[in-house]
Structures are given as structure tokens and as C-alpha cells.
Amino acid sequence: MEYIYASLLLHSAKKEISEDNLKNVLTAAGISVDEVRLKAVVAALKEVNIDEVLKNAAAMPVAVAAQPQ
Amino acid sequence: MEYIYASLLLHSAKKEISEDNLKNVLTAAGISVDEVRLKAVVAALKEVNIDEVLKNAAAMPVAVAAQPQ
Amino acid sequence: MEYIYASLLLHSAKKEISEDNLKNVLTAAGISVDEVRLKAVVAALKEVNIDEVLKNAAAMPVAVAAQPQ
Amino acid sequence: MEYIYASLLLHSAKKEISEDNLKNVLTAAGISVDEVRLKAVVAALKEVNIDEVLKNAAAMPVAVAAQPQ
Amino acid sequence: MEYIYASLLLHSAKKEISEDNLKNVLTAAGISVDEVRLKAVVAALKEVNIDEVLKNAAAMPVAVAAQPQ
Amino acid sequence: MEYIYASLLLHSAKKEISEDNLKNVLTAAGISVDEVRLKAVVAALKEVNIDEVLKNAAAMPVAVAAQPQ
Amino acid sequence: MALTLKHKKIPAWKVEEVEELVNLIKNNKTILIGSLEGFPSDKLHEIRKKLRGKAVIKVTKNTLFEIAAKKAGIDIDKIKGYLTGPNVFIFTNDNPFSTYMFFENYKLRRFPRPGDKAEEEVIIPAGDTGMPAGPILSVFGKLKVQTRVQEGKVHVVKDTVIAKPGDVIPLEALPILQKLGIMPVFVKLKIKAAYHEGLVIAEKDLKLDLEGYKNSIAEAYRNAFTLAVEIAYPEPEVLKFTITKASKNALALAAEIGYITSESAQLILTKAMLNALALATAISGKVDLGIQVQK
């Protein structure tokens, strides 16, 4: 999930999810980056409308609401 | 949610969610860090069993799945 | 709901839900306390396993999520 | 959740969710207040329409009750 | 599950789930093939509408999404 | 999903999910292998406890049952 | 001497039949052994017709089959246990499981015998039965079938159900059903075992659990998808779910620590509110909270 958390971090900071930016974040988190995987994730995310997905995910949180403490 | 994504990035990379580590990740994502918020998040997360919370987050989908299409 | 919020505040702070504590909190919130209601709430809550109730509250989301939007 | 319950207490008492008010309530509940967190909560809640959120939450229990056990 | 994974591999590659193809895949995975089982799987899957089963299984992935890490 | 099915085939046969093994299986299924994707999948799977993930997948069927048809 | 004597005893038709069986065994990969016990032999014709070109159906004596099997090189000990009672042998090159499934699913009809249960609704149809009026009228009466006599023949007034599925078919109805050609009882050929390329597959193993296979496929798919989501398999469709998962994890964590942002505020407040409502409901019978708690 690291690549996705890092991508969402960039997204919520309104930065482009580019190979360089993603690499920077992952490296700062102490993760040794796999170049092949990096390219694949960046390419695949280009085809995803992240805002749309997040909106849908956020439509659910009512469920989250009553989580045990 | 940047601070949370950054924290989860560290958590999934099995790194400590310390002020320094969090700051590094946020900075690498081009976010100018708010010290107050940084301290607050790190302090709050110390009291939480993150794995447990994520496991509970996973219990949600039942609800999601039951949603009318 | 003020009496309930105040009770949950005490509960989540791991303080006893006594008449005095509840009165203190309500007063601090600028609420003029109704002694009869105060006694009734404290007495009623003594017979309730609050943690259990909150756990059940957590079981709700299935229902919630199944609601048409 | 203490900060949240205290905020809701103030809200339902029709008091402003200010740093001072929140601090008063929390202190009355015997909670030692973290200034940083206090500021963060007050700031974040300023951007939220609490009445709207409560209205949505209040609409749920009906659904819960109607569900087969 | 080996025979099923191998069958789904063939299916997703749009190859026929025949005895020969299945045997090839299983052998390539280093599995020594049980002829009777092979025949049983091929006969059974001829009677099953795999796409239909996958479509029904696919209605779930939202559920998958929130799995604990 | 071919790469995933092939990986699960190897996993359930208790074979290592190496580039060579995965390539063998995919080729036997008549799939022309994309080296980049092959490397990415093998690298990503190295970081995951597959048995743990599958155990969680098995917890899902409840969700399935709750779905409106 | 003894051998020649023995040979002389074997009638020509038996020798021919054994030869035919040997050929069938050699030219087919699969032999199914079916029991003819209680199976109406006239029904074999229907099966033969149905399987023409795919399988050869042969009724023969177990002893002859045994001799032929030995000649064809089959290890007879493996199948000897099934060579009892009247049997039919089905020779095919098809998949043994598929062939078994054919017999499982192929329902033949027969006339009911005393004590048989109906396997579908038994209906006496309206119209001319062709039966001359006479004592039979009282039988119709017993079955509560309304009749009238027209030109000396029994006419049924309207379609009448005389047995529901699972009911024992009334004894007195049997001759009427015979006359009317109504066959409400199903019969299937019971396959005892299959012999396939040196292996014997018993009946219980021949029966394919299709639901089980469907479940396995669904499970395999779920496993694959879960794994794909987990490793952020770089396919847009998969990543959508990975993102959803990451986002929900983040929201849940934010809610847990009361980290209020515009995204998480609703979630956190809703959680607090739900907790409050649950508690208020728990004590609502005992305390007047001055609010209405919906139950």
C-alpha cells in the first residue's frame, strides 16, 4: 500500500503524481524504490480519476462513523 | 488528510511515526509543515493501535456491499 | 442531548459519571443544571454498561449504509 | 473523542466552540488540555456545518431500528 | 485450488480450458497432474458459466477494498 | 489478472513466485509475457504475506450475502 | 483335449459377442457400468438414440464382459465388484464425468407402478378419454375427476390434478394413466462406476459438485482480486479499490484520533452523535432527557 499512500499524499497536497515526486516521498519514508513498480503505478494511476474514487469512498464513511472506539 | 496519509505511509513501511519522520515525508511531498498540527498528530497516534483501527476499517465493507446499487 | 454529551465526555476521559462531575461539566458549558434531570441521568447511567452500548452503536453501520441515498 | 464530545456539548448548548469555551469544558471534566490539539480542533470545526452533520446522523437510527435483528 | 487457478488463468487469457491446456499450465507450475482430477475439472467447468460466476464475485470488490493490511 | 492467477497458482503449489517460474506458467498458458509487469508483480508480492491476505479475503463472503441481487 | 471340448461347448453367438466386446473395449477409453435393476429395458432404446455417434450401449452377461475384459487386457479385479446383477455397459471416448452427467440429467419417463410417488403434477386432461362408459366412471369419481358421457365414451370435464409432486399416485389411477399415455414417474439409469484408462472411478466420485466448483471459482477470483488490491497491481480497475481502501484507512484513523479535516469532520461528528444517540436510547425509558429519541 506504500505506493498508494504516497500517491494519495501527493494528490491531497495537489502535487502531480509523477515518477520523481513519488520517488521523493517514498525515499523520504525510508522505502527503497523499485523503479519498475514505480513506473507501472504512475502509468496506471494516470488512467484513474482519483477525485472520483475518493468521493465515492467518502460516500461510505457513514459506515465508519460507528466504529468501536 | 496529508498528515494521515503520511502517517499511514510510514506505518505501512514499518517506520516509526515520529515528528522527524513525518516531517520528512510531508516535506518531500512539497508540503510546508505546520509544527502544531505535526505534534498533535504524532501525539494522538501514539495512543492508538493503528493496526486495530485498520482492521476495523476493514470491517466496513459489509456495509458498503449492502448498499443499493 | 447536553446531559448525554457531558456524560460521554466524562466516560471517554475515564472519569466517574457522578452528579458533581456532570454538574461541573454542564455548568462549564454555560448550561443551567436541572437537578431532577441530573439525578435521573446519573441514576439511569449507573445501570447501563456504556462500553457495551457504544459497541452496539458501532454495529449500526450496516443498517446505515443500506439506506437509500 | 473528548474534544469532540465537548464541542458537541457546547454546540447543543448553543455556545460558540471557541478555544476558551472548549478549554473550560474539558478542564471541568478533569482533562488536562493540550493547547495544540485544542487549536486544531477549533480551527477544523469552523469549516464544518455541524447542524447539517447532526441532522444526517439523526436520520440514521430510524434505519437501525427498522432492521431485522 | 491449483486446478481452479490454472483454469482461471486460461480463461482470462481467453484460452480453452481443455485437458491439454490445463495440463500444460499445471506442469509448468511444477505440479504433477492427476489425470482423473484433470478430467473432472474440465468436465465440470464445461457446465459452468465462468463469466457469470466472476461477474457475481465481482460485485464484491468494494468489500475487498477495505481489507486490513 | 493473469499475472495474479499465475502467482496464486504457484503459491498454492508451494512454488516460489520468481520471475522464471511465473514466466513459465504464463507462457504455458499461451500468454506473451511483459517483462516490466512480470518484474513489478514479483517485486510487489515479495513484500506481502500472501497467506495473510487470502485469510482476509476468506472473511468476505458475508458481504456477498448481504448484497442485493 | 479338455480345451477343445470346452471350446466346443461355447455357442457361436457367445464367441461373436465376446469378440464384439473386446473391440468395443479396445476402441473406447471409457466404459460406464450401469445397473438395469428395475430399469425398464425398453427405455434403453431411447438412450441409444440419444447417444448415437457418441457412445455404444450394450447389454450383455457379466460373465461375457469379464471374458472380453480379460482378453482386452483390463485388470478385471478392479471392476469385478461391479459385475453383479443385470448390467448395461456404455462405451465412449468422451470424458467419463461428462458422460456420467448425461445420465444424471437425462430423465426418462415411465408409467407409474403401485406405490410410486409422482415426480411432477399428475393431471388428467379435459376431453375425450376414449374409454367406454362403464365401471370406470366410478374410478373417475373416486379420483374426484368430473366426467360426462358422450356417445358412450367418458369425457373429462376439465383438467384435474390427481397427485401433486411427492404424493403417492392413487392405485386406481394407474390403469387410467396407462390408457391416457401419462408417464409422471422419472427413471434414470444408475451408473455404478466408470472404467477409464486403467482407472476405476466409483459413482460418488463421478458426481461433479458444480456448485462447489462455482464457489471455488468465486473464491479464486476473490483471492486474486484481494491480492491485486493489496499489492496495488498496476491496473486502473484494481488501483481504484486500492485507493478506496487507503482512503478508508485514512478516514478511520482520522476518526480514531479525532483528527478533524474537511474530509473527516463529518465522520467524526457522526460517530460521536451515534454514540450519544445510542446512549440516550439506552436510558430513554428511565429519564426525561427533554429530547425525542427515535427508536
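In order of appearance the chains are A, B, C, D, E, F and G, and numbering begins at 1 in each one.
The rule we apply is simple: a contact is a pair of C-beta atoms (placed from the backbone, for glycine too) under 8 Å apart; a residue touches a chain by one contact, two chains touch by 3 or more.
No experiment lies behind these values; they were computed from the predicted model shown.
Trainee: So, comparing C-alpha centroids, which chain is the farthest one from subunit F?
Mentor: When every chain centre is compared against subunit F, the largest gap points to C.
Trainee: C-G versus A-G: which interface comes out with more C-beta contact pairs?
Mentor: Looking at contacts between chains, A-G has the larger number.
Trainee: Find the geometric centre of each of subunit A and subunit C from their Cα atoms only, then give the gap between the two centres in Å, rounded to an integer.
Mentor: That gives a centre separation of 38 Å.
Trainee: How many angstrom between the C-alpha centroids of subunit B and subunit A?
Mentor: Centre-to-centre distance between subunit A and subunit B: 12 Å.
Trainee: Using CA atom averages as chain centres, what separation in Å is found between subunit A and subunit D?
Mentor: Subunit A and subunit D have C-alpha centres separated by 30 Å.
Trainee: On a C-alpha centroid basis, what's the spacing between subunit D and subunit G, in Å?
Mentor: 60
Trainee: Give me the residue numbers in subunit A that touch at least two other chains, ranges are fine.
Mentor: In subunit A, the residues touching two or more other chains are 1, 5, 8, 37, 40, 57, 60, 62-69.
Trainee: Give the residues of subunit G that touch two or more other chains, as numbers and ranges in rising order.
Mentor: Expected reply: 218-220, 222-226, 230, 232, 234-235, 242, 244-246, 248-252, 256, 258-259, 261, 263, 266, 270-272, 274-277.
Trainee: Flag every residue of subunit G that touches subunit F in the complex, lowest number first.
Mentor: Touching subunit F from subunit G are residues 218-220, 222-228, 230-235.
Trainee: In the complex of these two chains, what residues of subunit E are touching subunit G?
Mentor: 1, 4-5, 7-8, 35-36, 39-48, 50, 53-54, 56-58, 60-62, 64-67, 69
Trainee: Considering only the defined contacts, which subunit G positions touch subunit C in the complex?
Mentor: Per the stated touch rule, the residues are 272, 274-280, 282-283, 286-291.
Trainee: Which bits of subunit D are touching subunit B when the two form their complex?
Mentor: 34, 36-37, 39-40
Trainee: In the complex of these two chains, what residues of subunit G are touching subunit E?
Mentor: Residue list for subunit G touching subunit E: 95-98, 101, 196-197, 199, 201, 205, 208-210, 213-214, 216-226, 229-230, 241-242, 244-245, 248-249.
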